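A, B, C and D label the chains in the order they appear, each numbered from 1.
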Amino acid sequence: MVIDYSPNELMAVAGARELRDSQVVAVGLGLPVVASFLAKKTHAPNMTILFELGVIDPEPVDCGVGLADPRVWYRAKVLSSFVDILGSVLHRGRVDVGFLGGLESDEYGNLNTTLLGDPKGQFKHMVGSGGANDIASNAKSTIIIMRHEARKLRKTISFITSPGYLHGNDSRKQAGLCGGPSRVITDKAIFGFDPDSKKIVLLSIHPGNTLEDVVNTMDFEPIIPEKIPFTEPPSAEQLQIIREEIDPGKMYLG
Amino acid sequence: MSKLCSMSEAVSSIKPGAHISLPGFAITRCAMAFAHELIRQQIKGLTLSQCVGAMDADLLVGAGLVNKVIYGGGSLDRFGRLANINRGIENGTLAADEYSSLSVAFRYLAGALGLPFIPIRSLMGSDLLNQLKNKESEDIASVDDPFTGKDWLVLKPLIPDVAVMHVQISDDEGNAVILGPKWDNCEQVKASERTIIIAEHIVSTEIIRQNPESTCIPGLFVSHVVEQPFGAYPTSVYREYDYDSDHMKLYVESSCSEEKFAQYLQEYVFTCKDHWQFLDKIGSQILSTLHADSLKGY
Amino acid sequence: MSKLCSMSEAVSSIKPGAHISLPGFAITRCAMAFAHELIRQQIKGLTLSQCVGAMDADLLVGAGLVNKVIYGGGSLDRFGRLANINRGIENGTLAADEYSSLSVAFRYLAGALGLPFIPIRSLMGSDLLNQLKNKESEDIASVDDPFTGKDWLVLKPLIPDVAVMHVQISDDEGNAVILGPKWDNCEQVKASERTIIIAEHIVSTEIIRQNPESTCIPGLFVSHVVEQPFGAYPTSVYREYDYDSDHMKLYVESSCSEEKFAQYLQEYVFTCKDHWQFLDKIGSQILSTLHADSLKGY
Amino acid sequence: MVIDYSPNELMAVAGARELRDSQVVAVGLGLPVVASFLAKKTHAPNMTILFELGVIDPEPVDCGVGLADPRVWYRAKVLSSFVDILGSVLHRGRVDVGFLGGLESDEYGNLNTTLLGDPKGQFKHMVGSGGANDIASNAKSTIIIMRHEARKLRKTISFITSPGYLHGNDSRKQAGLCGGPSRVITDKAIFGFDPDSKKIVLLSIHPGNTLEDVVNTMDFEPIIPEKIPFTEPPSAEQLQIIREEIDPGKMYLG
């Protein structure tokens, strides 16, 4: 049986699959929320979900417009503060995975959510960091979810809001940071990072896309291994949970 | 000692040029009634700070009252950007020191605890830090950890002149209860020289004494207490009322240009003598439908 | 995931030589049942820390399990001194790093927040500081404030191997509620590598979700959860039971010499296979009269 | 009418009289508790009472055995933590008066609660600091209450647990501290400190004592001004409040 699904649904499912049971996960706005709830409702029931403003392990029954929406805090186990979540869990070194959305990324997984355009000329100022810089700097690893377009996967980004591997090789370590991004999940493919150069590596292509579809819609060239599998499609159960429990109003997955 | 007063009195205690720490997070528990009255009283030259920029800050910037924001970015969640703040930064009319949530929270925490500086592992390697360095910020420095020799970024304490806190419950001394997550609010209060409480409900001190573990703002920090139901409208207050999606959309539309925003201010701020008139303009039907379900809290 | 286990299992997770952070303050909310089982299992070479030394620490020192205490002083309030700890210090058999309450709390706070060091204005000019300097403590240093040039005393983070927390309420994951003042308990949990919860009552996670603002220990910090009613007896637990004045006096009398204290341990620890046998030795009449009044909380 | 009162009662009343309305007062164990509650119940209703372990403005109806006794927390407005009280109030610089008991004091108001006896030879180890060192170091001023005996008011104390004016003159300032003790209240007299030398100054003698009673029971010589008034005795109202409301069981004032 062929199951229909949207690229957004595949991204959420692919994100969920990266999470392991019992991990502590700091979750940013948007699709990372859907992916994390999906993981927790399926293979990772003992995962801990953290929202920066002071929320641990909520069980929403209604979809909210963002982390500021009390719908997203419903049935939390803990309601506390930035200092409690980002300080005594994240900065203390207890977050296994930081899960972030991005507006722009470069080939080292550096994220820009601050300035679109040329910072020296015309630019558009955006949402900035919130907790994203903190999560990218302090989590043991980071997963990035974003759109796959050449104007988003850019050779050079205008502003590094949240550090990936900076200029590659050991430049992240030189800047005093551990961890770093482990995955970039787009609507066309999943990427990892080369352990030495820290350049982005194509890991799998989402069904329905060709290698050309992937590389021609990027502003830089990923490392391309000889064999590239297709991304495993969502299961019927995963899709049902997303559609009926997590995002019935298609807020994130419209 | 009762510190109860009118919104007008509380706002008039703010000096032009003051540094105000605001309570909102995106579109929840914003100091909207307070911001409206600040605009009516035209108290200008303000510096605003909060971990995550919210509608209260955007409104004040749009009204031309603000010289500088110190914040970690922000938005109106899925309703849109902080258009007034963004435009001010793009135009160069608004100074902005941009951090991350934790770095602003740590700056408040250092202020709260009387620490001279606080080390942090965020910002490093990012353009947030480069930007602060390029403008020769005096709020960042580096220190060698005397225990390991490692070089650490350290931040200067952030000590606002006044924290304005929108809370669900307070007594007349300012012993206040915040329900829901508190984001940076407790650190803001403790860091600031003084605090103004805007409460949805005033209760007797007797009630506060029955739940002393819930008092997250001790009255000793507080200079003024104002009772203002729906004081955060059109943003939400957990366990009180929801955000008004329609008004948020109107706000986002209005904030897309200076001209439209001037009309918004005229219609909803200047022609209202106080927050009650603003609420009357919205109408009891809308307000009533926003009331929180007492089980779910929204 | 349920972390519920027996006291014996929880205690056996402690390695000899471990640094344990204890929950008590003088004669309230002390980890007595845990301490008794530590003594029965003879886990030795321990380092203990807490802001204000309490009966739990004194008992463990008296039983010979402790090499070192890191604390800010302490007593059994008006019942008496921490005689075992004091005797150990006087004899030179117990190493003691002595601070003030805030300096220990700040060391935990630095550990909790992942800070490499924390500045403090206490201790300066005192013999507490001189004593630390004389023994060439590696936990203190000085740093120039990069913003003012002023020299500051800084403390090293304190990161215990395990925090043992006696609480009123927890679920089986370790999401726990402490009623009453929390002294240094939250900072101890967040600083420590892991936490063992001893709870008067285990409730379902459903109950925790109904009062999420009250959860001061998130389960993610917790490795083991033990249910032990009257687990802090003979010390008090706010809203549960009072201290037992008679047993406190007996303890004070017993701790005035090593011989008498050995008898006390024999009678109340070694001859009891678990805390229930100890409580049975005290008897239901005494325990029942200690039960807290639900209005006053004691 | 002559009213009978004990030396302890006079000490508590004299302590209460030093406190002003609206002050923030950090209160240590023992008589300072009685004095603070008395002030709050009489002339200083807007005073804020802080106990280091996380208690603000309790209204006990039963007398406790110390700060660890839940009786003393009854009807508090706030129950929080060391970091909240000693950190964000005291260390932040918001405590007007620190109110401490002492085992030993020298002529500069340095307090010893750690070692009795010779630290190089035989000594007895005592309660140590608790929050006393923090309060003595960080409060804008300190009031000390203690017994008037030659073995307690000593020329040299074995251990400075809580700093007064250290070696006098500007040595406290040199050590990096502001504030300092303003009063020492004993069961025979009230003392202040000379603004320059920072030596202890006799301010008033409790009724029933002579100047000789005071100076002959001290191990150092206080500065003695030409005119020394008698300490004002407790009022009937003050005694009634102490005896009937604050310490009916004579826990502190026996």
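We adopt the following convention: a residue touches a chain if its C-beta (ideal position, glycine included) is under 8 Å from a C-beta of that chain, and two chains touch if they have at least 3 such contacts.
Predicted model only: the values in this text are computed from it and were never measured.
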Handout entry: Contacts common to chain A and chain C (chain labels)
Key = B
Problem - Pair exhibiting more inter-chain C-beta contacts, B-D or A-B - result: A-B
Problem - Label of the chain whose CA centroid is most distant from the centroid of chain D - result: A
Problem - Whole-Å gap separating chain B and chain C, where each centre is the average of the chain's CA atoms - result: 38
Fill in the blank from the handout: Chain centres from averaged Cα atoms put chain A and chain B apart, in whole Å, by 28
Fill in the blank from the handout: When centres are defined as mean Cα positions, the distance from chain A to chain D in whole Å is 58
Handout entry: Junction residues of chain A - those touching two or more other chains
Key = 73, 79-80, 83, 87, 91, 138
Handout entry: Residue list for chain C, restricted to those that touch at least two other chains
Key = 106, 113-115, 121, 150, 180, 213
Practice task
Determine the shape of the graph in which chains are vertices and touching pairs are edges (line, ring, star, complete, other).
Solution key: other
Fill in the blank from the handout: Touching pairs here come out as A-B, A-C, B-C, B-D, C-D
Handout entry: Residues of chain C that touch chain D when the two form their complex
Key = 25-28, 51-54, 71-75, 77-79, 81, 85-86, 89-90, 98-103, 105-106, 109, 120-128, 150-151, 153, 180-187, 236, 238, 242-243, 245, 292, 296-298
Problem - Contact set on chain A toward chain B in their complex - result: 29, 51-55, 61-62, 64-71, 73-74, 79-83, 86-87, 90-91, 113-114, 123-134, 137-138, 159-163, 166, 171-172, 175-177, 251
Exercise for the section: Under the touch definition given earlier, write down the residues of chain C that touch chain A in their complex. Expected result: 1, 111-115, 173, 175, 190, 205, 208-209, 212-213, 215, 218-220
Fill in the blank from the handout: In their shared complex, chain C is touched by residues of chain A numbered 22, 24, 45-46, 48, 56, 59, 73, 75-80, 83, 87-89, 91-94, 138
Problem - In the complex, chain C residues that touch chain B - result: 106, 113-119, 121, 138, 141-148, 150, 152, 154, 156, 179-180, 213-214
